[in-house]
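Here's a structure for you.
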Amino acid sequence: MAGEVFTGIERAELPVIDGLAECGVATVHEAQGRTGLLAAYMRPIYPGARIAGSAVTISAPPGDNWMVHVAIEQLQFGDVLLLAPTSPSTDGYFGDLLATSAMSRGCRALVIDAGVRDVRDLTQMGFPVWSKAVHAQGTVKATLGSVNVPVVCADALVNPGDVVVADDDGVCIVPRAAAAAVLEKARLREANEEIKRRKLAAGELGLDIYDMRGKLADMGLKYV
Amino acid sequence: MAGEVFTGIERAELPVIDGLAECGVATVHEAQGRTGLLAAYMRPIYPGARIAGSAVTISAPPGDNWMVHVAIEQLQFGDVLLLAPTSPSTDGYFGDLLATSAMSRGCRALVIDAGVRDVRDLTQMGFPVWSKAVHAQGTVKATLGSVNVPVVCADALVNPGDVVVADDDGVCIVPRAAAAAVLEKARLREANEEIKRRKLAAGELGLDIYDMRGKLADMGLKYV
Amino acid sequence: MAGEVFTGIERAELPVIDGLAECGVATVHEAQGRTGLLAAYMRPIYPGARIAGSAVTISAPPGDNWMVHVAIEQLQFGDVLLLAPTSPSTDGYFGDLLATSAMSRGCRALVIDAGVRDVRDLTQMGFPVWSKAVHAQGTVKATLGSVNVPVVCADALVNPGDVVVADDDGVCIVPRAAAAAVLEKARLREANEEIKRRKLAAGELGLDIYDMRGKLADMGLKYV
Amino acid sequence: MAGEVFTGIERAELPVIDGLAECGVATVHEAQGRTGLLAAYMRPIYPGARIAGSAVTISAPPGDNWMVHVAIEQLQFGDVLLLAPTSPSTDGYFGDLLATSAMSRGCRALVIDAGVRDVRDLTQMGFPVWSKAVHAQGTVKATLGSVNVPVVCADALVNPGDVVVADDDGVCIVPRAAAAAVLEKARLREANEEIKRRKLAAGELGLDIYDMRGKLADMGLKYV
Amino acid sequence: MAGEVFTGIERAELPVIDGLAECGVATVHEAQGRTGLLAAYMRPIYPGARIAGSAVTISAPPGDNWMVHVAIEQLQFGDVLLLAPTSPSTDGYFGDLLATSAMSRGCRALVIDAGVRDVRDLTQMGFPVWSKAVHAQGTVKATLGSVNVPVVCADALVNPGDVVVADDDGVCIVPRAAAAAVLEKARLREANEEIKRRKLAAGELGLDIYDMRGKLADMGLKYV
Amino acid sequence: MAGEVFTGIERAELPVIDGLAECGVATVHEAQGRTGLLAAYMRPIYPGARIAGSAVTISAPPGDNWMVHVAIEQLQFGDVLLLAPTSPSTDGYFGDLLATSAMSRGCRALVIDAGVRDVRDLTQMGFPVWSKAVHAQGTVKATLGSVNVPVVCADALVNPGDVVVADDDGVCIVPRAAAAAVLEKARLREANEEIKRRKLAAGELGLDIYDMRGKLADMGLKYV
């Protein structure tokens, strides 16, 4: 089943993608009904990056990064490489040379359910990566995988062209077709949160703002 | 058994608490006989914070942060929120809105045997968190837990009002009643360490300073 | 079998050691045929350090750091302490006092398949550590281990005097006798990589630079 | 997005399903191109069970088993309950009472990316379970999930009505529409394997049976 | 703080203890309000054992089983040894010799948040163990711990004399003073469960038996 | 560096090997000074097997079992296959066909720091395996490894021809040259243990048999 590269994938519109990046992972995740998060072990190689882009997906064998080269040719401006190995791996599939190549084609980040290396160089280049591991372990180029097929990456289903949103809180996938609607809801949440933030900063309690006292008492909460 | 909020907890005196923060986790842990440490997986969301405070404890269901709102009302200046889920969780119970609320009531930090989110915002606000995970995963408000009950948090027993000491080395719990005595011992250790540090920096060996050579030889150590 | 200290270990030449540090872990690992890496869980306590040194090895019981004192006496300028516990441990065997002592003898770093503490102080002192854990958990001095014996550390065999190379990508061991030859190969790789980096930055694809298209087609890769 | 129960799911034909059970997980997995496996941590509660059935999927909150009751009403003869929590959990969602109910409706097994309890009773009843954990931890009934929606379970995508094949080697998902074709390929593999097994038992080497010597030599394998 | 042996601990009455064993872990855990469970990683070395006994607790250093010998002298008929290391360990603290000694004093089982060895012999002797690991790794006798002090064992607080209940579902701690009341509630649950089991076996649905349909509809559950 | 097969390895004498199997892992491990154990995660696929044999070692890429075929040709009566992947893997490198082939050449077991499949068949054939995982995940035959080279397997160094001892307590490696001497010490331990076992069964305490009371008192143990 491996050995296929899909070349004509659809993408969401860039202003929508960029809007989702501004909202950030926690807000986007809530806005789409608490779905789409990758597992908590997916961590950024440096703090502070906040990006969104269209997923160019890679299904790759363990310890074999051949398909990354194939995928890079498919990149467009605003894309994110997203790699899921076909069995668990922490090998370093990706380093500064591949990042140089990906950046030259407009790639914004790598999300990889495996390892990455050359992280000092990647940090200096400003190429963010969310990964399961940082490890220098080298890989081979011996077996085919596929590019732009649906993959399960760190507990989440990702279709090629879905929007990948990533920041210090993790990585969230927004289905392409839902991206505009999710952005709208996310912006509403942000507006609401701003109002709440001011009240809370002024010392008002969530118990009162969200009117929780009655419901808690009904459930049986007792003060001793 | 869940559904209770204890409101009148006792706390250690603030000068004692602040003294323990100055000593730091490793020294305090040694000073009280190598007890009270939380598990090694409890890590700070940013480096450099060093705090101590009185524990306001939360026992919460997995994936349900309702009790955090209840606990915030119980906070006094100098307190630390400490949350233990009733079964293992990496969900993001706590973010920047709750931190805004907690800070407005004088809370110094969160210690949570689960996940936290909005870590970029929390870092910018200077609200330190020690957690098992960073994850955007949202939670619900559907089931009661308890506030200010004894909890087991990351392998340590914590009673409400115990002193929580936390820095880059982890988190240590000092029983409230022992806090002043532990502080005294910790300061003695610090004084002793300063003398040793100078000797070691000057090239003296621990083998000689601590007079270990004879005992090592008695145990059978051989130089080849 | 424990209880031996080997005092007359051989070391690689310092210019070779320093050359390996410049090349970095990923390049050195590739240059010696993708061998010698420690496990991915070995992480630096702060980013940016890049060192190499001769291994002074320690085989220590779980939760017992007595042998660290013994090992420090064996240190020479340019050495690295490398500790493997005889059964898994995350205890904090090493802190700022031991680092002060080790630095005064020219030690460049600690690599420990266990825990470390006082990491804020170690960071300020500029003493890098690669470890499995950061934990304040104290240790005892009750049982003998050995110094400068072969150990298995985080999945890698280390002989005393082997070259330890460490940076943000992890830790790699170069056998002492192979150090000069590995350095030569590593420098060749670096030169080659620089040429490739320029081509990739200019938009050339790895598929073309490495002439992969034919082989991929032969293997059956299909564009859809 | 939670709170939906899809009632009219399609299923594969029972003879196809039963044929896949006979072939077993390893053969089915190979026959469909090495895809569809759940993660290695999914283990049977007792050895020797080998089943297949149509997936009735459950997406449930952590520590909340309300939706299991809802899903049981949707069961038909030959079905398998498959539960994926919306965030990681090891809680015991399922025990002997729920198994009694599920068995009375023809259910063949439970596959759960979480915990199970009453495993002694389940073993005596002959109701097999593949789970991430065995744990007595109780759950609540407070929050909605969904039934018969697509879920990601232990690294695999599962659509309702897909065929779940499970034995001592783990769990494999066969898409409903592909079930008949996969069965055909699996039976071909079995026939081929029987011939090879006899040759190997007679002392012939895989090196010769699969004609590997030339290719290994071409790749550079050397006998020393 | 280590180095204390408490000799005069109180125990629950044997008929109560034996009653709790009959009810089993899941029922007892529910009967006392879903508290007291040890972590899910605590597994029996062989299936089918179901015991209860009074906890003789051991706080032991990592890799040091000296205190087990001390604790065995404190055993009475109907007791259970329960060991918590002072830092994480998988070492084999206990084997067939210690089991022979413990059994000769009426000990019913070992619960250990570390490793055990000689498991084939222990199985043949019928001495059940719940442990975190099975490992032959030997231990030393060099450092003091304590016997019959409160310990945190695998996420649960255990006081000496508390009732330890263990079966294939894990391990649950019942506070000594609550044992009789918990037994009463557990027996009530068992009676209720028997009635439900018959209804469910006859094909009645939990949705109807527990009258859930209205509440689910109120919460917004939709059938599609 | 990969791509080498060493054909003329030396082995220990069969009576010595068989004697080590009789002693079992825990005794052998103690007899050689508490060294040589593989990590605790290496577990048997079925209980009760107790074997020893000469290691035919395999260094294999992740997810690639080609070298197993090469290694089988090197097997002699009384050997054990021992596979270490070059980076972590849980893939199922080995199943019933390879076991059939290995058994036909006199192989006694497989020890693999990765996954195994067809475990029901392997159990029925009586071919024991100690592994890190059971998983049906298939592998490829695309990249060279080596046979009969030194490997680090699950934390232990193994040279080809070393004696592998394995039972329910795990796996222990005895260096070939030390095998006879270790066997002698192991038998002495067994004789001593038998005497102690009788005393302990009769109710004597280890505290008295090993004369520990004085030393414990000297260390400061207090009875309260």
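Worth pointing out:
The letters A, B, C, D, E and F name the chains in turn, as written, and every chain counts its residues from 1.
Methods note: a residue touches a chain if its C-beta (ideal position, glycine included) is under 8 Å from a C-beta of that chain, and two chains touch if they have at least 3 such contacts.
Everything quoted here is computed from the prediction, not taken from an experiment.
Common neighbours of chain B and chain D, by the contact definition above: A, E.
Shared contacts of chain C and chain D, meaning chains that touch the two of them, come down to A, B, E, F. Overlaying the C-alpha trace of chain D on that of chain E calls for a turn of 120°, given as a multiple of 5.
Where the sister copies chain B and chain C meet, the same residue numbers recur on both sides for under half of the interface positions.
If you compare A-F with B-E, the chain pair joined by more contacting C-beta pairs is A-F. As a whole-number value, the distance joining the C-alpha centres of chain A and chain D reads 28 Å. Distance between chain C and chain E, defined via averaged C-alpha coordinates, is recorded as 42 Å. Centre-to-centre spacing of chain A and chain E amounts to 42 Å, using the average Cα coordinate of each chain. Look at where the CA atoms of chain E average out and do the same for chain F: the two points lie 31 Å apart. In chain D, the positions touching at least two other chains are 34, 40, 86, 88, 90, 137.
Under the contact rule stated at the top, the pairs of chains that touch are A-B, A-C, A-D, A-F, B-C, B-D, B-E, C-E, C-F, D-E, D-F, E-F.
Of all the residues in chain B, the ones that touch chain D in their complex are 61-63, 86-91, 137, 140, 142-143. Against chain C, the residues of chain F that register as touching in their complex are 1-2, 32-35, 39-40, 86, 88, 150, 152, 155-157. Those residues of chain A that touch chain C in the shared complex are 3-7, 46, 66, 69-70, 72-73, 90, 92, 95-98, 100-101, 103-105, 115, 117-120, 123, 133-138, 141, 144. Listed in rising order, the residues of chain E touching chain D in the complex are 24-26, 29-30, 34, 37, 40, 43, 47-48, 50, 167-170, 172, 193, 196-197, 200-203, 205-207, 210, 212, 216, 219-224.
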